[in-house]
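Chain nomenclature is as follows: A, B, C and D, assigned in order of appearance, with residue numbering initiated at 1 for each chain independently.
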């Protein structure tokens, strides 16, 4: 079972109350499934999931991306930098 | 005969060697005639006259502008401010 | 020069860093915190970032823009943490031999920063706060 | 803030002067002296101005641009006298609630300054010098 290192920012960080967490996912699980799993474990973040994009190793990836053990996944809500 | 106060800048200033001069012009003389007159008195500035625009009281005027006594005329070669 | 920092942003070293002796123009953009958004009065902003990735994406934006315009330099600084009204959250500086390219490239760089750099802002009002949802970043296939 | 000066230009007070609490963006343009023009190596520049009229025209440019874009502030500083490579001859700062207007208005203001403000530059090379002939100003009828 791949262990995935998950980073949380902005509203997700506020709602979950943690900056990072580790989730064990089934072999062959995708980013999309990780997102669903987060919604199950933290129902409060459900409203944020539909617009969430994920980044693996500092690069945006599609929901079909298959997770590997030890992978670093950042959950990226819609961004609003600048001014 | 209107006495005209004339201001010289940039290349005109270098060629004439003065920043200001006073020219007496006939009654009813225009800016265009003032320009011609300058070319007669200072033949060295002839090459600059065709692209010269004049300003009266800090506003650009057409060559047809009729001079009045005491008027302040600036001779403006093509400008090149900025960088 | 690229940085994510909690300290006030200073444009001077950024402009010095992007200017070359071949530069005739520098366009510098300040994103500043304004006192109002969508009709609501803003007390202050709180910025969060995925710092390592934000830095990487800022450099990618710079590479993109440099590939498109004949520039002599580019740099991006983003401040995070709590920012008061009037403080600067973003500086983007671009230098080029002529002004047209400097303006266009700087504008485009700011647009791209807002579309791809993982930074978030929370507006804090008198009676609440909200993380602002701006752009959903594109996934490159 | 509008000025013609022989002293080095400082962008900080200019940006402070144009920013309002309603401003979300400031676009700042630096015209800088570059080391080359039309294939010739430049040693330094010498700027001349009809100072009173230049100030008046800078203000007119600002009024024009403010009438066309929803700005929160604008300012123009021009340095004259001898300027070395890398020094700043022109600063134009524009603030607005949003970035698009700030960029467009700043670009337009710089273009208009170059078309209407009576300032001249002389390029000095190793083997001579020349007053640069740029724009013939338009006479308003």
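Going forward, contacts are C-beta pairs under 8 Å (C-beta built on N, C-alpha and C of every residue); 3 or more make two chains touch, one makes a residue touch a chain.
Computed from a predicted model, the values in this text were never measured in an experiment.
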Indicate the lowest number of steps between chain A and chain D, counting one step per move to a touching chain.
-> 1
Contact network partition after chain C is left out of the picture | one piece
By Cα centroid distance, the chain farthest from chain D is A
By C-beta contact count, A-C versus B-C, the higher one is A-C
For chain B and chain C, what's the span in angstrom between their mean Cα positions?
-> 49
Averaging C-alpha coordinates per chain, one finds the centres of chain B and chain D separated by a number of Å equal to 25
Find every residue in chain A that makes contact with two or more other chains and list them.
-> 82-83
Residue list for chain C, restricted to those that touch at least two other chains = 24-25, 30-34, 99, 110
Complete list of chain pairs which touch one another | A-C, A-D, B-C, B-D, C-D
What residues on chain C touch chain B, complex-wise?
-> 24-25, 99
So in the complex, which bits of chain C are touching chain D?
-> 11, 15, 19, 21-36, 85-86, 95, 97, 99-100, 102-103, 106-107, 110
Chain C touches which residues of chain A in the complex?
-> 7, 9-11, 13-14, 51, 53, 55, 58-62, 74, 76-83
Of all residues in chain A, those that touch chain D in their complex = 82-83
Complex interface listing, chain D residues touching chain B = 30-34, 47-50, 52-54, 56, 78, 89-90, 110, 113-122, 131-141
